[in-house]
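Across the two complexes that follow, chain A remains constant while its partner is chain B and subsequently chain C.
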Partner chain A sequence: MSTATAPTTLAEAVSSPAAPAAAGRVARLLRVRPLVAVLAAFAVAALWEAYKLLGPEQGWSLGETRLLPRTTAMAMPHTWDVAARLLEPVSGATGAEALWVAVLRAGASSAGIALTGWAIGVAVGAVLAVTMQRLRVVESAVLPLVVLSQTVPLIALAPLVRSWGSRLELGAVTWQPWMSVAVIASYLAFFPVAVGMLRGLQSPDTIHVELMRAYGAGWWTTLVALRLPAAVPHLLPALRLAAANAVVGTVVAEVATGLPGGLGRMILEFANFAASDPPKPWAPILGAVALGLLAAGLVALLGRALHRYRRTEVAS
Partner chain B sequence: MRTTTYRGAAVAAVAAAGLLLTACSSTDGAEASGGGTAAGDDLTPVTLQLQWLTQAQFAGYYAAVDQGYYADEGLDVQIVPSGGDVVPQDALAAGEVDYAIAWVPKVLGSIEQGAQVTHVAQVFERSATLQVAFADSGITSVADLAGKKVGSWGYGNEWELFAGLNQAGVEDFELVTQAFDMLGLLSGDIDAAQAMTYNEYAQLLETVDPDTGELYQPEDFTVIDWNDEGVAMLQDAIWADAARLADDEEYQETTVKFLKASLKGWVYARDNPQEAADIVTAAGSTLGTSHQLWMTNEVNKLVWPSTGGIGLVDPAAWDRTVALALETSNETGATIITQEPPDTAYTSEYVERALAELAEEGVDTFGAVFEPIDVELAEGGN
Partner chain C sequence: MSTVQEHPTPAAHPRGATAVEIVGAGRVFGGRSAPVVALEDVDLTVAAGEFVSLIGPSGCGKSTLLRLVADLDQPTSGTVRVFGGSARDARLARDYGIAFQQAGLLPWRTVRANVELPLALAGTGRASRRERADELLAMVGLTEFAEHHPDQLSGGMQQRVAIARALADSPSLLLMDEPFGALDEMTREHLQAQLLRICAETRAAVVFVTHSIPEAVFLSDRVVVMSPRPGRIRQVVDVTLDRSGAATPGSGPHDDAGDDLRTDAAFVAAVAAVRTALHGGGTGPRGVDLR
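Coming up: the complex of A and B.
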């Protein structure tokens, strides 16, 4: 239970007092997380432009398989063209809002659904993990099914969920199309939580478990006092994976069911303009990337709140 | 001190989450309804499943909602757009919706698989499917497709192409699955690409030709029109639930009312193409204004002038579609159907009643003097 922690980032490791002053300054700058994020975005843009400049215009294919993409204006518009397009109106219609506003609006709609899906997924995953930890027989029976569940292709699942949902009667609440999308997102999100949390709950050393038993602590007390805190380092990466899965699941399910309002539908709709307005289809894709980052950020905040239990995070 | 910060962060996370949820529910309320009018207690709720996103291909239905034609008939119609994986006739057969829009050959296949649906009105009299190639490719007829890379979306959109290839005896061609854009043709991955007159063909004409710096012109392309090749199959039709049509009197009456108002919406789109395009855009389509108007105009050309009155299926065209569905084989040798469809596959009973009521109101359901408008496409469809 030592409180000493290893340097968590490279920057921290570099910024020892012995390092030269210049390196120290850079290292200090690199500790500013938002700055690093912006720098990373610029690095990706620079990589894009470098390939566009140096890559073969018609790309490169080995036989029928395309290994390098084309670099034409249609296939890879300049990053600054995409940025400029974001500031222009969505369409020529009078009173059309700017593209970035439309993307933001769609992103907010998708974010709400992804968050709902994530929350349901985390709840279901946690209940499954605790049940599996409690009863060995449940683990043997359910764990293979949990793994198997992720092999069902989303394309097959989306129309089914939509179909079931539309025939569901929940008293006063009628099933809304966005709920189908949230269910699909949760279907992808519960998996890492169930598996990761189960490992975490099983992670306390036998000696600790036996100590609890010696104290006469019951299952519930052991769970709350020992297993749950021990599960946190396993749970955090699982929650992050779940967040990414929820975003992907939301966008893909929006494409599959054509739910209006979100980023998936926008991607589908803007594919129309791939030739005539090449930067436009990239806008909702950027929106999806931003949504993924937002989701990761929210989980990171959650991680800070659970900092007390998070001695070393376990890679999963 | 530190704990406070973390707690603050957690509170911020929860607050952000709450905000997002609120944002989500408010946008959903506004957009998911697809433009249903306020549901009065005396209106019958009806859902219509489209076969693609909100766009002018379905202008008549959106116009009927907007102009209150459905409400006049006592219906509260909710239009449900579809996406990549939604099959309208399956949604209808599963009881998710009350009516669906779908192409006839696709549904004939579903009926043979057991879907209990009935064709109640044929909205598009003509086919809109083209096979488009560059003018300098030397492809001017179906026979020229031999040895070429031929694009198609698949998912049942390919049957006219195969019927044409079968008829011309072309067997050596490379079938390329096309994306929802025309980049395949423009970048040379596809020699002849599938295109709808009202959508993908317009996408080409909205694109700047890198050689001239101007928009591509119709002269830059050659077009194979399946109407001219004699292998056109019936496209957008209104389908109803066969089981409910058989023994549910209320549903039968609703069907007549629904058809009457829908067809009236199409008459509105014919007489007011610009307004109809604007209605579709207002209903949530993000297509550009010139593209939307082009689509409305092209779709009008598929409907008008109507030979027997809008919605009435031409038995000869139906028989040709069935015959082609029976004999056309795709690259795997499969046909759409292996036996004649059942008698419940189509009925003119309800559309005839709807047309009679429209005639009584003095609505022109033939559009014999219909003239399409001229639409100039702008770059990016704006």
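Coming up: the complex of A and C.
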């Protein structure tokens, strides 16, 4: 460290004695973490190219079972070919938009539906968790059903939800096909929230519960002042899982119900070009990956806003 | 907030009235097939402003007795009355403050917000809450840590915050379950002197569970010696010490006035009396600090 910078850092340290260490750590993370993330993405691409270079052309099979994939241009296009394809027009038609614009548009459509599904799922999961915490009977009755609900295959569920929805009459609101997709997304999203939040609500120590009781606090006061804040460390990973589930649920439900406009339908349509235009089907898949990252990022921002509830007590 | 009730004015418990009245209290745990008698036929009266310690070996039911007074547990026989009403009414009216062996601070609240918690639950306004918290933090010497979080504090500091929290609502009764049990000897003696001073100021009655004889004698007007299986009161030792020196504020972490008291002849005699009471009864004391 040079003599010129030393007084500056000292002055900084003196002027903000409260949380210099924490602020420094956050600043360092903000600088380093995006860099690491980009490097990780490049590492995945490098791994892809390395296998494509070194792997057998026709893959490797043991009897009938193929254990390693083919490395032909059709099965594994070069990463730079996929990137270049994104910049080209979607189709040969005159005035067609660039592929990345089409993917972005489809991604935005799916993102809206996934966000709606996530919000519904979080709300339903939270209500279930609070009810299960309140009444032990409900926990014993509902929790197995909650677990069981996730064993129903999504593909079987999608047409059912669509046909039920189309028969619903909600006053002035008519059931839109995208609502069916949002409901299916929420069906996947509520599960981690219900389970994680229930665990969080049950996490306060006996000493804290008894303290609230000693202060004459009722159930609602205890919920707001103790159980909800204590649930945050359990809730955040649950919300992140729910976000990922909502994205997957949206894309799969778009495929299953044939909803146009989103990434799911685009994946389905572009799969036809696997032979003639191998990089093209990868574009909406990359879009889905980006959507998942966006969802996880939004939950991470939420976690940062709630950081003070993530403190843990150090045993004395 | 369904349980908010009118907070009683201190005038409702004039000095000389009874803080706690326990008559024939018993507590049996477990089913009919294998009952465990934790407490049997306990009679105890604590006057307002009186400092009473419960001492005895592990499993003698001293903590159970305290929990009955706090209405965190209910007796299976007998009655527990607090300030003339039921223990439940006293709890709902927030008549007592409570501190446990662990500080039990809420980790997401600052030190100040932790001290304010009982006041916030009682619906006290923001300004008066803040004022009271500042006052209490000054009392336990943690003013400069008001904006810290509990994980930034040492164990002794956390315990001081917990004591400040117990005092927040100016309770007429303090219930303390080995509040200094997990602390080192230096911190413990310092906090004992502070507690004496606080009690002298607030005139609150205290029920104090401990397994340390010197601690019980140093703090108490009366030491209740209990025996285990079933938990019973074996003897009540009256302690008469001149605490005027010990109750004055210490000038720092070292409370020399308290040290004088601890070497006083009356103190030594009372310690001996409690020790004899603990030993008498055949089985030797278990889990008792005989220092």
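Assume the second predicted complex is superposed on the first by the 280 of 316 C-alpha atoms of A that agree within 3 Å, B and C clash if a C-alpha of one lies under 4 Å from a C-alpha of the other, contacts with A are read in each partner's own complex, and residues count from 1 in each chain.
Just so it is clear, a contact is a pair of C-beta atoms (placed from the backbone, for glycine too) under 8 Å apart; a residue touches a chain by one contact, two chains touch by 3 or more.
Please read all numbers here as calculations on a predicted model, not as lab measurements.
Peer 1: Of the two partner chains, chain B (first) and chain C (second), which one does A:R199 touch, if any: first, second, both, or neither?
Peer 2: Neither: A:R199 stays clear of chain B and chain C.
Peer 1: Quick one: classify A:P229 as touching chain B (first), chain C (second), both or neither.
Peer 2: second
Peer 1: Identify the partner contact of A:S91: answer first if only chain B is touched, second if only chain C is, both if each is, neither if none is.
Peer 2: A:S91 contacts chain B only, not chain C.
Peer 1: Answer with first, second, both or neither: which of chain B and chain C does A:H78 touch in the superposed model?
Peer 2: So A:H78 meets neither chain B nor chain C here.
Peer 1: In the three-chain superposition, say which chain, chain B or chain C, touches more residues of chain A.
Peer 2: Comparing chain B with chain C, the partner touching more chain A residues is B.
Peer 1: Output check: A:L302 vs chain B and chain C. Expected answer is one of first, second, both, neither. What do you get?
Peer 2: A:L302 sits against chain B, while chain C stays out of touch.
Peer 1: In the overlay, answer first, second, both or neither for which of chain B and chain C A:I207 touches.
Peer 2: second
Peer 1: Quick check on the superposed pair: does A:P260 touch chain B, chain C, both, or neither? Answer first, second, both or neither.
Peer 2: First partner only.
Peer 1: By the touch definition above, which chain A residues appear in both interfaces, chain B in one complex and chain C in the other?
Peer 2: On chain A, the overlap between the chain B and chain C contacts is residues 308.
Peer 1: Could you list, by residue number, the parts of chain C that touch chain A in their complex?
Peer 2: Where chain C meets chain A, its residues are 1-5, 70, 72, 91-94, 96, 98, 100, 102-108, 117-118, 120-122, 147, 149-151, 154-156, 158-159, 182-183.
Peer 1: Taking the touch rule as given, give the residues of chain B at its contact with chain A in the complex, in rising order.
Peer 2: Of all residues in chain B, those touching chain A are 2-3, 5-7, 9-10, 12-13, 16-17, 20-25, 27-28, 30-32, 34, 52-54, 80-87, 90-91, 94-97, 179-183, 186-187, 199, 203-204, 206-208, 210, 281, 284-291, 378-382.
Peer 1: Sort out for me which residues of chain A touch chain B in the complex.
Peer 2: 70, 72-75, 90-93, 102, 105, 108-109, 111-113, 115-116, 155, 158-159, 162-163, 166-167, 176-178, 254-261, 264-266, 268-277, 280-281, 298, 301-302, 304-305, 307-308
Peer 1: Please name which positions on chain A make contact with chain C in the complex.
Peer 2: 18, 205, 207-208, 210-218, 220-221, 225-226, 229, 232, 308-316
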